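First up is the structure itself, then whatever we jot down about it.
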Amino acid sequence: MSLKTIQAAPGFQDYLPKEYQDLLEDGPFFQQRKVSELGSFKEAIEEHPMCAGCAMTLFIRLVYVGLPSLEHTVICGTAGCGRLAISQGAVPFVYGNYGDTNAVATGLKRGLDIRFKDQPKDVVVMAGDGGLADIGFHAVMHSWFRKEKFTTIMLDNEVYGNTGGQDSGMTQKGMVMKMAPTGKKFEKMDMLGLAKTAGVAYTARISPTNPTRVANTVRKAVLIAREVGPTFIQAYTSCNIEYAIPTPKVMDDAREVEKDRYGYLEYFSDEAKTYWEESEKERKRLRKAEK
Amino acid sequence: MYTVAEIDVEICSSTKCRLCTQFCPEGNTILYDETRGTAYVAVDRCKGCEICVGICDDLAKHHAIKMVPIDQVKDGFEISKVGFKRSLV
Amino acid sequence: MSLKTIQAAPGFQDYLPKEYQDLLEDGPFFQQRKVSELGSFKEAIEEHPMCAGCAMTLFIRLVYVGLPSLEHTVICGTAGCGRLAISQGAVPFVYGNYGDTNAVATGLKRGLDIRFKDQPKDVVVMAGDGGLADIGFHAVMHSWFRKEKFTTIMLDNEVYGNTGGQDSGMTQKGMVMKMAPTGKKFEKMDMLGLAKTAGVAYTARISPTNPTRVANTVRKAVLIAREVGPTFIQAYTSCNIEYAIPTPKVMDDAREVEKDRYGYLEYFSDEAKTYWEESEKERKRLRKAEK
Amino acid sequence: MYTVAEIDVEICSSTKCRLCTQFCPEGNTILYDETRGTAYVAVDRCKGCEICVGICDDLAKHHAIKMVPIDQVKDGFEISKVGFKRSLV
């Protein structure tokens, strides 16, 4: 949970795998990397079996840039495409049973806060629309009602992509899928509205069309969760397989869907708004003082 | 045979764009050489999706990336052999 | 499911239990009874082990008056106080496993609609705050997202009364209970807001201070569910045991809580509003024509 | 010994109130005799909560209901013996 615990004893570092050495030397730990630095540092996530050109893969990659302190973070996930990548990241990953992500995250976050009184530890749930809006919906909502201080990120590809194309609650009404041949029967669930009603401190809807904005949104959500209360990011991460998007057109699709119905949205509770404005001021003051 | 992205160093190094490194879905696959000021591809990781081509052509308007059959790539960089490098020079 | 199927063969009726005969002769089937007739007809529910002076008992009693056609109704419930009464009513009752009331009701309603094309069949879920807002929350919400055409009635006594006084999601923040000695930790869940966001057609909040209004609200909810979509009633039904209300003061408490924070509220979707206004007009026209 | 509600027929029959029948939590426990125009109690069902007393005293202002020890009830009606009756006359 900290770089110190994963550092090799002097003299032994050279015998560790190259990837491990690279992470220690040029990795994203103990400093907030920027999206504009991508390609110039060793990333926390790479070499996983996600499909070529997958927008979810891109989004997950950007999440790892946005997380404010990777060395003090635990990610919780569950069945679904995303975990094929997340489980291989250089950040502890807890693979819950389907349905329990936000219950597991609750216990983890509370336990970590008791164990590490002087070191903030971030817990982030990252899972699919099926995992969070359908099967894990109960635990998600109740973690929000309880005001648990962690971030939930929904990788919304609007389908059960991993199991052959069943419609989820987040699929658009009328959409015909391989395993929904007569079309999705009801409206896409309004998770943002539910989050607001449940008292979530910060909510964002986003598409991966602007990498810096993705990273900034993730960073904001995690920092607000740390101090104020639950936060939620709902991200459009198309399934190019089940929606038959040729990979060169994946970003065109993301831009079109963003324009049409998935535009960037942010909602702050009053408390979160105040906290964020003040902490931004403080950061500006510190940056100025450094110069 | 499959294709991978190849970046024209001459065109790329004349810009300070770096957009392809931000939009590639894969981690440490399009890398950036600080010395030469150019992006370059780890050919053993490129899955051939062509997203970078669209970014370079349509967003950056630099037209520096082409898809090339893997057996026609000359001196392709393989990250699995040498690990992460800040610069290949 | 219809009076015909429960009627005795001629000559045999006299050998049935007196209660059975009374229900056939003076019962509430095949006619909408009024609250003002109570005491003058054989009720569908009586003689159960609910506590003396229980407001939930009163509310349940009034629900059976409000149901628009008892002989074509199935009630679904689960563990909790209310089922001690409901399971003894003269209306088919399905006792689901904890958590699945609204999933069971979904299957029942869809099946009945297929089987009885020309006879509307009403399905009503009636269970506690623990059963619906906590343990059955998932199935409740997803039945709403799917726009299932049945009514959900929450008997909200703001506690797990049946198991010794644990706090539920519907308990007020700060409330100290026998099994919540440091007080409830988070706000009472805003089920009405969630229902609205989920697209429920008709929602009502009610206290049992006005018996006729209870019956009318139930009738309205069931009729709208039959034609338009899911409906929800959230009823304050105090637990005089866990909240230590002397039974002679139960109605005083109901009036105070109603005035303070549980006032009568109704919300109609546009479609439900239009349907209800038109059907009320039609009923008035018919009544006039009869005279 | 426990108490049950007892309704004063004289007072009750002088009103057309029926409120106690609507607020009693139990089904068919406070019944209404259409002939005599009065509410009456099935003593074998009354659980003694006194809600009806509050309704009659405070809401209806008729003061027709009192709680009486069960062994002092005279000729109490028991619905379990005879079943539901529209009228006891």
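Going by the order they are written in, the chains are A, B, C and D; count residues from 1 in each one.
To be clear about the criterion, a residue touches a chain if its C-beta (ideal position, glycine included) is under 8 Å from a C-beta of that chain, and two chains touch if they have at least 3 such contacts.
Here the structure is a predicted model, which means the values were calculated and not measured.
Peer 1: What's the fewest number of moves from subunit A to subunit D, given that each move must go to a chain touching the current one?
Peer 2: Minimum step count, subunit A to subunit D: 2.
Peer 1: Averaging over Cα atoms per chain, report the distance between subunit A and subunit B in Å.
Peer 2: 26
Peer 1: Distance between subunit A and subunit C based on Cα centroids, please, to the nearest Å.
Peer 2: One centre to the other, that is 41 Å.
Peer 1: If you average the Cα atoms of subunit B and of subunit D to get two centres, how far apart are those centres in Å?
Peer 2: 89
Peer 1: What are the residue numbers in subunit A that touch two or more other chains?
Peer 2: none
Peer 1: If I count partner chains per residue in subunit D, which residues reach a count of at least 2?
Peer 2: None at all.
Peer 1: Taking the touch definition from the header, please name the shape of the chain graph: line, ring, star, complete or other.
Peer 2: Topology of touching chains reads as a line.
Peer 1: Kindly provide every pair of chains that touch.
Peer 2: Final set of chain pairs in contact is A-B, A-C, C-D.
Peer 1: Where on subunit B does subunit A make contact in their complex?
Peer 2: So the residues of subunit B touching subunit A come out as 18, 21-32, 34, 39, 45, 47-51, 53-55, 82-84, 86.
Peer 1: State the interface residues of subunit C toward subunit A in the complex, per the touch definition above.
Peer 2: 134, 137-138, 141-142, 145-147, 169, 185-187, 189-190, 193-194, 197-199
Peer 1: Help me check something: in the complex, which residues belonging to subunit C touch subunit D?
Peer 2: 18-19, 21-22, 26, 35-36, 38-40, 42-47, 50-55, 57-58, 61, 64, 211-212, 247-252
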